[in-house]
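Two complexes follow with chain A in common, the first pairing it with chain B and the second with chain C.
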Partner chain A sequence: MFRITWVRHVFILAVLAAAQSLWAADAAQPVRPGEDVAVSTAESGKFGGRLSIALRSEPKTFNPVTLVDGSSREITGRLHADLLHINRASQQTEPALAKSWKVSKDGLTYTVALRHGIRFSDGVPFDADDVVFSFQVYLDEKVHSPQRDLLVVNDKPIVVKKLDQYTVAFQLAQPYAAAERLFDNIAILPKHLLAKAYEQGKIGESWNISAHPAEMAGLGPFRLKEYLPGQRVTLERNPYYWKTNKEKKRLPYLDEMTFLFVPSEDAQIIRFQSGDTDVISRISADNFALLERDQQSRGLHMVDLGPGLEFNFLFFNLNSVVPKSANTLAAKQQVFRQVAFRQAVSAAIDRDAIIKLVYRGRGTALVTQVTPANKLWRNDKIVLQKRSVDRAKDILRRANFTWKPDGTLLSPSGSPVEFTILSSASNAQRTQMATIIQQDLKDIGITVQVVPMEFRALLDRVFQSHDYEAAVLALGGGDVDPNPQMNVWVEDGSNHMWDLGETKPATPWEAEIDSLMKKQLSTLKVADRKKLYDRVQQLVADNLPLICLASPNILVGAKNKVGNFNPSILDPYVLWNSEELFIR
Partner chain B sequence: MKLTLPLGLLTLIGIHLLFLFCGYIAPYDEAQQDRMAAFAPPTKVHLARSYPYIYVCAWNAHETDSGYDEDCSQKFAVHLFVNGGDSHLFGVASPGRISLFGTDGLGRDQFSRFLFGARLSLFAGILATFLALLLGTLIGMTAGFYGSFVDSTLMRFAELFLALPWIYLLLAVRAFLPLHLSPIQTFFLLVVIIGAIGWARPARLVRGIVLSGKERNFVLAAKNLGASNGYILRRHILPQVYGVVLAQAALLVPQYVLAEITLSFLGLGVGEPAASLGNLLGELQQYHVISSYWWMFLPGIALLLIFFSYFVMANALQRRLKFIAV
Partner chain C sequence: MRFLLNRLIHAIFLLFGVSLLSFLLLSLAPGDYLSEMQLNPQISPETVAALRHQYNLDRPIPVRYSHWVAAAVKGDLGFSFAYNVPVTKLLSSRILNTLLLTIPATILAWIIAIAVGVISAAKQGRWEDQVASAGTTTLLITPDILIALVFLWVALRSGYFPVGGMVSVGFDELTATQKLRDITLHAAIPITILVLSIIPVLIRHVRATMIEALHSPFVRAARAHGIPRSRLLLRHVFPAAANPLVSLFGLSIANLLGVGLITEVVMSWPGMGPLLLESVQARDLYVVIGAILISAFVLQTGIFVSDLLLLACDPRIRKGAR
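What follows is the complex of A and B.
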């Protein structure tokens, strides 16, 4: 009898000891001497607690090299860190895993000093080998990483060299403007976990959604705890994270962060209202108004951050190769190709009505692709003219358009002008925009049909089959710098959506935009770049390959109890400082 | 009790006349936007001693519950039989705007949209019912009267149609058609599809009646006296079927109206800016509309009343039928 009890005691003690050691591993590690930690300047908060946020869809992967979808990015962004980071609040680059960096005089070599003594979330030390390995992976053509495009300058990939255990040199083939911004969002990978998969050519398949959390590690503030398909992803504190608060206590404050899968915006609003989630972003002005109305009673803090970088636009199919099945398209394109026609359409669109009806006043009318949020790059000399049906008709008259007695607009060749606008059926706002344009263009005699269709089918028509007449789409900006938009404006860019797959510009103004964009890319002085980009904006405003319409304000919210809530107009709007967020 | 049928019939005829002349009764065009009045609540009609009048509403950015204030500085009388460009049953002088059911997100008059939308949806339902019953009666009578091989072939076909998942069929048909169809084309497409799928159930009903009806003494007598098959079908069998077909019609119309609503709700029906009941109710898919703008439910409530009249009719017809049968 005595013996059994004794054995039991020993057993219980052993279990307790094991639990203790497990707990110790999960708790934030004390800062060791010689460890180059970064110190957060944000308000010191309370440790512990959990933050919940809703995601529109499930992640497709946890692999930062191959991910393309927003949900995966939202999650892996918390699991990994980059060398140099764009501070979402100041919009300036700041050191992250790099302690400092130096640019050579010719602008071709970046020498980056890494932080000493910091560790991945599994406790393994980080050094220059991990950096070299990571860039090797991103630059490998066989890996098909979407980030590769950014790291290839003038068809020559960046060369990465290890100088010593904590110093890495990056060599560019030609001067590249704002090259330090390239490093943002390039997650540094743990060589000790991924080298084998890479050698076997299986890096694309590793870290997929069925991977075990123990197979993964990163340098971000959190690490993966569990993924329950159909329900949620839970992240837990990375006990080795390389940032501390002002009291030298290791961040993050939160023990856990949970991403719930809530497929529609309406359902997300309801979950947020009922207190299931703590922060919310990407909401429409209508829903924002709804939440704002009872923010007092529900203890919410709703913020209208003002204009963001997203711009919505109408564009016409100017592709030179169009499907034969679209037999009327070629004839209509003769009208679409006339700059005067596009100018008249632009003049006839009531952008103020779009702001008022679609965004309930929480948006800005646009004349170019650069929104007012981008104070650094916006060309203030271009002014948006008020909607004028007379001006639109005047432009058309001068371009030999005529009208039938019943008011129908006739093209110079005598056929009635009508076209179909595609919009995404799942995006009520953009469909509403198209309906407003439909009504506006009726005033100058153009018959417009609006066809809402499933988003992927729409993208397929725009990017693959080119079987459409016009469409309303939006492009968001991950950054204020013009460089991420290279693929929209250079002739062979993958997002040059009005005329895809061309290498030779179809018109002189397209040639000029193409050369200006390439020139600004290799110009190092900001003032000179600005002059070049100003000209690009002027050309876009004059020739209207994209008829820019409006930019919605960034609308976000959080419970009052979320501390250090400091949303930004740059993506990810609310979670960019997740290590500093805490629950009061 | 005896009055239910004529009363129900009169109500239904009244409602349908209302929708048939919606162009005259509705004060505005279904697509006309008033961009200063998005999601405005129903206009309050004030009553003076001699005439009803309204005030213009102005947006006040949610200072009041609805977000709109009445501007009491100027009265706008509600006139009957206005004649300005188009004639309308009632209206107010510009810039006054009367919207009895409020406005939607683009400032379009919900009352006008309801009338236009109900015209489209109800008549699509009625035409589809007519088509389904026509096909159903023909096929059912043929199957029941000729029996044997014809019967079993036609009835297996009917079962096939009953088992068909029609929403998927519609999705497939829609995918084959050109990107944009005018509202008229969509209207007939809906009618044809709903009607062509819906014939199976009435056909089975009719077949049952014909099966028992063709054994009746007067039918057998006519046959023995040398009447042709066509004559017997027309003169003796068809009258027996009428009652069932009529009662079916009263049941099927709301069902098919609902089918149109489902399709438009899913975005497969008539496209913007044309109104249909499905388009109007589709707006209620958005949470902020449900929770903020109660008047957006009005088309749904009105629809409820219409369906109710139809079911009262169907009930009364069925009762009458039993009475005759006894």
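What follows is the complex of A and C.
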């Protein structure tokens, strides 16, 4: 008897759970009185349907605390929300889970008012405890969250305090310019689901790829429905999402989003052409041209967004500590350290040829690290001069370089100038750039060898052993603000890659960059910061620690049936407004 | 029995050697799983160092290897750095998908190879033989990747077959019959590519061994006794020619695994290929070693099965094994 009753109870519960999950998946919850929803200003669309997109690799985790890879970020970005968010279209910060925020006069305290009455995707209400818990997790040194470094200002972690159920204060150790941008992409975690794992020291193991969707909840427009290893991730609408359209109907429009795992770019193009996927991004100029040709017949909408934030650059090894095995490096560094030499190299490089040959015309030549896409921070007074072999030779002549009768360039000490450029073997475009530079520098008598190398081996040489002469790499892509690149420009920064591990600037101009970057970090007035960062750009353009080369255009596309397709030059280029996307 | 025991000991040593070599090669190469993180200006060197310590990447290679071997003996192939899950869990679902391609491909390839090889040998020098020879030569000189790309192009242009993946996007909404049809359609092109990449060698071996057997004195004697040609071929010549072909069976699996990895990547088939490629690029050490070990194990199993078949069909080996 007991057994029959028990079985019946389980059966009823299972049926109820299934019915609840089916209902929840299908129907968005109506907006309740007192619920502080945000209203989308985008075109009102049609509810329902599924959007498919291909990812180059599988997500490694669904845990926003530990993720480091792009695919995980692309998916978890749809599952979670942040307090303040950088609008990818306007590039400005806007409220997300925070309804508003206030900055104290001294710039040290951010008081954030949270939205009332909103819920996680499992229906549990969200409040200040979730915010405090989330930041406690991110800031815990034992968790090793890569996000932690963003939240440490002047070596002191941000202090987070709950003021009431819907108000949180963030205390900074020193004034930090554009601190509100730090909150972008810091996903707010559900305390009710993760507190136990955190207390047990197992937060890093939570929400990995083998976790069941029922164990997860977030505040993003979607929630996890299914993960099939090697095949796809399916997300379904979050019925409690906190944003509505203009008609006060709860977003997202789509019922489902499917991420297919397609390991190569060419295969992604074929899947897009065949209709398996609806949107595409991160494609080369060649493939873009192919799709653009077919866009009428296949009903596609291909968009060239112009340059992004990525900047490719050539740099020389100026490290003071180099391996003993690199016998000739120390002598060559005498040449590399001369600003005139780097200026001559820069003058001899044909950036237009790089744009034409590497990016098929879909790229922009660069003079500094700030690309034309960054309208807010670019110093427009710095103009890129056309390639000139004569100018390059003139600079070298004035710096006491000479030439042998066969045209070989000789350093002031009389030795032939030759060096090796390392490039990533897996990045054909950067290797092409290095080859073009090789040809260009031949015109001024410099012999260059190009060595394509496995990417991690290359990074090991640059960051660990310092056993290299020159290399081509790329940075950028995150945010328009200069702060995320502090580590590139300050002397003791971890990405100060031409001269790593120094605490004291080696030259006056490096000392000036160091001081300007630190000053702009604590300057709160945007106009004053701009002046400081303009000077940094001028110093970079004059002294060329990184010889900036080119920035590729952001090339994306979607089927015509995708509504509200509004791609941005900021990552994620096409899915940043996934709640507003709809199928016509 | 001694023969089988010898083979088993040989297999264990081979697997140990494969694991040691892969571990050394992957660990000694400059850079590691965390190297790429250094390029992110927003992640501090302290965080990278802490993660390196957490993953034991800062410990000496012999220590790491001995720990890994001790765990591997108990069936634990380690943890994936990237996925933060056990390697066995990560690989298990992919192996099934890989086998879903390789088993039908092996069966199909052998059926076609035996049929074409026998006909080719029986009609030696005639047009049937010449067509088979031209076909196998063409397939031999065509790179596997090119075969894959041609089929992909055909699938895209014709629209009859899916251009990648294992199932369609709306797979969950299909009925059981539709699901079976969907998987079969998705598997058709990868299996065809695999079959085409291994049959030329198989056909040539079948043909050569059949011709050799056809010229044996016992066949001439059988012909003189008036045994019909078809019976002679299938009942007498083929069993006599089977011996070298059985040995080839194990090696054909190795070939199939190699081509399978490329095919899976090109066709986005969710097998071991894409995972192995990604793990090699990401230096996800234990996943790579796990995948290599499993491939070596499958190869060894193939060789072991062919040894068993040899033992069953060749009395000389049975006698020697005792």
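Just a few scattered comments:
Keep in mind that, in the parts below, the second predicted complex is superposed on the first by the 560 of 584 C-alpha atoms of A that agree within 3 Å, B and C clash if a C-alpha of one lies under 4 Å from a C-alpha of the other, contacts with A are read in each partner's own complex, and residues count from 1 in each chain.
The rule is simple: contacts are C-beta pairs under 8 Å (C-beta built on N, C-alpha and C of every residue); 3 or more make two chains touch, one makes a residue touch a chain.
Just so you know, these numbers come straight off a predicted model, no measurement behind them.
In the overlay built on the shared chain, the residue A:A428 is in contact with chain B alone; chain C does not reach it. Contacts of A:K202 after superposition: neither chain B nor chain C is touched.
Once the two complexes are overlaid on the shared chain, A:S52 sits against chain C while remaining clear of chain B.
By the touch criterion defined above, A:D350 lies against chain B but remains apart from chain C after alignment on the C-alpha atoms of chain A. Contact with chain B, but none with chain C, is seen for A:L290 once the two complexes are overlaid on the shared chain. Considering which of chain B and chain C touches more of chain A, the answer is C. Of the two partner chains, chain C is the only one touched by A:S210; chain B is not. Looking at the shared chain after the overlay, A:T420 reaches chain B, while chain C stays out of its contact range.
In the superposition on chain A, A:D460 contacts chain C only, with no contact to chain B. In the superposition on chain A, contact of A:P484 is made with chain C only, not with chain B. Across the two superposed structures, the residue set of chain A contacted by chain B and also by chain C is 267, 270.
Residues of chain B that touch chain A in their complex: 31, 33, 35, 38, 61-62, 105-107, 179-180, 267, 271-273, 285-289, 291-292.
The part of chain A that touches chain C in the complex is made up of residues 50, 52, 57-58, 60-61, 66, 68-69, 141, 144, 146, 148-150, 204-205, 208-210, 226, 228-232, 258, 260-264, 267, 270-271, 273-274, 276, 426, 454-461, 463-465, 473, 475, 478, 484-488, 493-495. Those residues of chain C whose C-beta lies close enough to touch chain A in the complex are 29-32, 35-45, 47, 50-51, 54, 82-85, 89-90, 93-94, 97, 152, 155-156, 159, 162-167, 169-170, 172, 265-268, 270-271, 274-275, 277-278, 281, 283. Residues 265-267, 269-270, 284, 286-287, 289-290, 293, 350, 353, 356-357, 360-361, 420, 422, 425, 428, 431-432, 435-436, 438-439, 449-453, 468 of chain A are the ones that touch chain B when the two sit in their complex.
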